[in-house]
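Next up, some structures in structure tokens.
What follows is chain A paired twice: with chain B in the first complex and chain C in the second.
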Partner chain A sequence: MSDVDAKESAPVPEDDETGFTRRTALKALGATLGAAAFARAMAPLRSWSADLSMDEFLQQHYHEMGEEELEKVLRRLEKETLEDYGAEVEIEDLRPQEGVQFGYALNLSVCNGCRKCAEACNKENNHDRKTNNSYIRVFEMEQGSLDFEKGTASYDHTVPAPGKYYMPVQCLQCDNPPCVDVCPVEATWKEEDGVVVIDYNWCIGCRYCEAACPYHARRFNWHKPEIPTSEVNPVQAYLSNRIRPAGVVEKCHFCLHRTRKGEAPACQEACPTGARVFGNLLDPDSDIRWVLENKRVYVLKEDLGTRPRFFYFFD
Partner chain B sequence: MSQNLRRTLIVAAAVIAGVFVAALMTSIFGPEPEFEIDESPPESAAPQIYDDIIHAPAGLGTLRTELRDIHGDPIGVACSTCHLSGNLGDPPAKSADELSEFHVDMDFDHGDLACSSCHAEDNRNQLKLADGTQIDYEDSMELCAQCHSSTYRSYKHGAHGGMAGHWDDSAGPRERNHCLSCHYAHEPAFPDVMPAPPPRDRYFEVPTDQ
Partner chain C sequence: MAEPSKKVPHYLSYPRFIWRALVESTDGNLLFYVWMTALTALALVGANAWAHQVADGMGLTGMTDHVSWGLYIANFTFLVGVAAGGVMMVIPAYLYDDREMHDVVIIGEVLAIASLVMAMLFVVVDLGRPDRFWHLIPGLGQFNFPMSMLAWDVIVLNGYLLLNLHIVGYLLYKRYRNEKPDRRWYIPFVFLSIIWAISIHTVTAFLYSGLGGRYFWNTAILAPRFIASAFVTGPAIIIISLQLVRYFTKLPVPRKPIQTLISIIKVTILINLFLLGAELFTEFYTGGSHAKSATYLFFGMDGYTGLVPWIWTAIVLNIAAAIMILHPLARKNFAFLNTACILAFIGLWIEKGMGLIIPGFIPTPLGEIVEYTPTLTEWQVTVGIWAFGLMIYTVALKIAIRILTGESNLQKDIDASPP
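Right, the complex of A and B next:
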């Protein structure tokens, strides 16, 4: 479809600068086709999502939606969750707080590799139960090595094992995020508080971002997540833990549905060793600032110039 | 518009409206009756700052029995039940390997500290600091801090011991663990555990079990 010049065949708003053109064009085309033709045109995509509705297809980019439109979308998504999962949920649109820049640090001397953070992430973020998906991967590392690519994430024995240390890796919310740069439809961007987010309804599932991330922090949602009704976390936000459709990319968002309300992220709360430090980088009295000023911190693959917001330190 | 500017404008508008209404009232009803006007700002004006909540384990500094209370915590016996006024051993045991009765099955692996480095000798219901000051078991973090000052400093700044609740103290309290929530005083090494199950995904492959 990408080689069709939609601008000539359908009324398309002039928004080249925004970069939304291709998707807008597709949508505008759909609007003029009528439902039957629309359904036929969409047939290939149906294998991804049997229930992609007209409404959903016509939905605007997050930044383009007015308050009213967004409100409608949120209620529609809540209804869909009720239909698909039998769960009453509340999906909010939470914006960054003024004067807040999030930062995260992890004490590698203390982490014991218990994976409680990954487990909490699975539950908090409504991940598929079958694959035990999580935005956090914990690597078992050889002492002396700092290259997590050499670590193993599938260890399954008592921890900590002698001679090993453990490095949980999740999205580092880079200030210079390569994943954002490669997105052809601007479905992912960096917010004011530093969180890199995804509009899951705008993502076309091309997976460029997944390949561009040097930290393997992005996941492709292969299947519609399976979650028992009673386990669906009903506290949700549009840009964070609402249940994502199949065929889109997802990743850690620093639990923005919690953190933008002043709460700790789920992985920090779940950590039984107290290895995680989270907070506002702009607040000189915050824990995270103390760590940055008093511990020798380092970031993963610093030489790539990605400027992560997630720091590691040893005591 | 900034929050402050907006607030100032609203207040200004309210004041102007108030003056106007007052003038109107005076002209209709004659002079205003005397009220007591509370000039102090409403209490909600200053943002509330929540203090940290520290969760100490239940029954600290008691001899836990098999009996449980309604919360499922073990019911403890006060040290003074037996130690009416200090030592009981004859001669008193100074360290774990000198114990010959009662506390004999106690595990101890905390440097080569003597019992009296931490327990007050004349009052078993209290701990004691290096300078002899007696403290309650709930305050035992002060005791730990004496010998582990750098860890304690990290703890004070959230870099050791973790937290739950709120990172933003104007939204809600930060909840912290006590040193003894994670470290048993006599054998403080953090125990080994079995990890939660690993994810069943592979980097760039469709999970095969689907």
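Right, the complex of A and C next:
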């Protein structure tokens, strides 16, 4: 044994025989311990990566997928929803309709702040029940002021309160959306009917869009959404209300899984006061056109040049 | 045997160079082992916290939809500045042909490498879906260039990292072979890196200043402010590094580079304070919605005062550091000088970190005030990344210095184990 040691350590003149082997052995021990400690430190990732299929990991951008590929993805997502939430759902890929440009208007003289719209959004769009998330936030505003800082979104009393008016805010589907510009991976874009959508399977979760939005319209999935099986809305679309994975951004999509089939968005349907007017801007007989032509409408923060498609008006 | 290493072909000498670097990274005296073990332990704590964050969700952080960026992006922003600040050794060394600075300029380049790795790690840990990181790779993913400033940042940060790796790697390899470096192979890259250093912090400032909905960031002065503070923090950390190198290694560190760096900080620290003052004048004299975030930051708003102690600490530290660095004692007394550097470093870490990122979100564009406090997970990840960055800095400096002093070279390695 000592012969072998002597031979091995001979070429290193600065270290003596024993020093060389001890040092090497210690280094090997250190490296082994280090690697083991690293593996232990990273252990929580094991359960997480077990949930992540190779198909999901390698999935292409929505625009890059062919029909067949997208079909496979939709079926996989349905299967995953069944596994994770115990709910049988149907996820469609709905494209914009020809000759349709969506627009939305809201009558501030009529809105009474009941927040039925926000509630309906929560149910329709399979939002996390724990945080009671919704794409709509209703602000109680001071009479005589358009300043949000004088308003509050966390009022908790009978509505309407004297001296107040109510202002629901959701994504304004800007024609010049800052959120789309900043996304580094093109995970969000404006569809031809005007709806700004997100590919939830492409978003990397950097939240730059959340910082860029001047209307606080975007939400991030800080945890995996929790929804009881019985409450899952089974009518879903890829770009709208399918259950979002953790770690991605989401936003209002004008209920495109309904509106692209000619139905009303859930918030409009739920509104008891008739304050909400939704429709096709290109249809001269639509209610939205009547409002735009006959009411003095305005948009939020017009000076920022974002050109929203969501209009407010007073009677 | 006149110049034997010249005859060694690259395919034989380059593996030896890499092997030598590996040996130098794992060899040292007791203090080296203690230091590296401690840093490894901290880095592992950070790695573990991050693994939990990925598995359980970003909800483990203190961030919310209201304050959607926090400690991670604050550190990212600050570290891009440190990386850019390394160039303040390169400029005197190459643009002004400062011979003595030239001998130690590699410290600035190594600092840039370590800070860039840290900065990029801070972006990775901020991602909700780190598994989709490949979506950012041009060619593989969908790269929103040139519209997204974050896409620009991916390019400039990686480009700056490659530039510095090339310059440092090339010069050290030539020195390892005991050859004179060919100017054509590094001088153009050095000059490119000077422009590039400015670009990384400019693009990082544009990331924020381009957002019209965030009044606090939406100011043309942001990029100049970033550059000014980068040219304080970079030189400050290099001044301390130079003294540590002098104490712990055989590399001769002349006095003059430190004096040059003091002269640089004397100017940049005042420019930084001036620009901050100019910004605050505009905010507070004009008032209105543009001043809301600054009001929250400096004085608190509606009883919310989370950042007030932070920013006033930063202001006090920055002013104290400026007075100290301008004092003649800074040129004579190293303890005094180092204190000034550390004060400036901490002051700017707050001012260009938490003091810049968090108020951008408070109040929100819809006037709500939701405060942000980093959670234990965030602090653990943050300390872990800093520890990992210090490991890179230590190891890279050790490799570089052992080769620069000639303690390690190809001939010695060949003599030790002939091919």
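Throughout what follows, the second predicted complex is superposed on the first by the 263 of 315 C-alpha atoms of A that agree within 3 Å, B and C clash if a C-alpha of one lies under 4 Å from a C-alpha of the other, contacts with A are read in each partner's own complex, and residues count from 1 in each chain.
Throughout what follows, contacts are C-beta pairs under 8 Å (C-beta built on N, C-alpha and C of every residue); 3 or more make two chains touch, one makes a residue touch a chain.
Just so it is clear, the model here is predicted, and its values are computed rather than measured.
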> Looking at chain A, does chain B or chain C touch a larger number of its residues?
Replying inline: C
>> Which partner chains sit in contact with A:113 here, chain B, chain C, both or neither? Use first/second/both/neither.
In response: first
>> After the superposition on A, what does A:216 contact: first (chain B), second (chain C), both or neither?
In response: both
>> Tell me the contact category for A:278 with respect to chain B and chain C: first, second, both or neither.
In response: first
> Taking the superposition as given, does A:132 touch the first partner, chain B, the second, chain C, both, or neither?
Replying inline: first
> What is the contact status of A:153 with respect to chain B (first) and chain C (second): first, second, both, or neither?
Replying inline: both
> Given the touch rule stated above, what does A:235 touch, chain B (first), chain C (second), both, or neither?
Replying inline: neither
> Of the two partner chains, chain B (first) and chain C (second), which one does A:203 touch, if any: first, second, both, or neither?
Replying inline: second
> Is there a shared patch on chain A that both chain B and chain C touch, and which residues make it up?
Replying inline: 137, 153, 210, 216, 219, 222-223
>> Quick check on the complex: what are the chain A residues that touch chain B?
In response: 98, 105, 107, 110, 112-116, 118-119, 130-134, 137-138, 153-160, 210, 216, 219, 222-223, 259, 261-264, 268-269, 271-280, 286-287, 290-291, 294-295, 313, 315
>> Per the contact definition, I'd like the list of chain B residues that touch chain A in the complex.
In response: 3, 151, 154, 157-168, 170-172, 177, 182, 190, 192-201, 203-204, 206-207, 209-210
> chain A touches which residues of chain C in the complex?
Replying inline: 26-27, 40, 44-45, 47-48, 51-52, 54-59, 63-66, 68-69, 123, 126-133, 135-136, 141-144, 147-151, 154, 207, 210-214, 289, 292, 360-361, 363-368, 416-418
> Which of the residues in chain A come into contact with chain C in the complex?
Replying inline: 11-14, 23, 27, 30, 34, 37-38, 40-45, 47-49, 52, 57, 61, 63-64, 137, 139, 147-153, 169, 178, 181-187, 202-208, 210-216, 218-224, 245-249, 301, 304-306
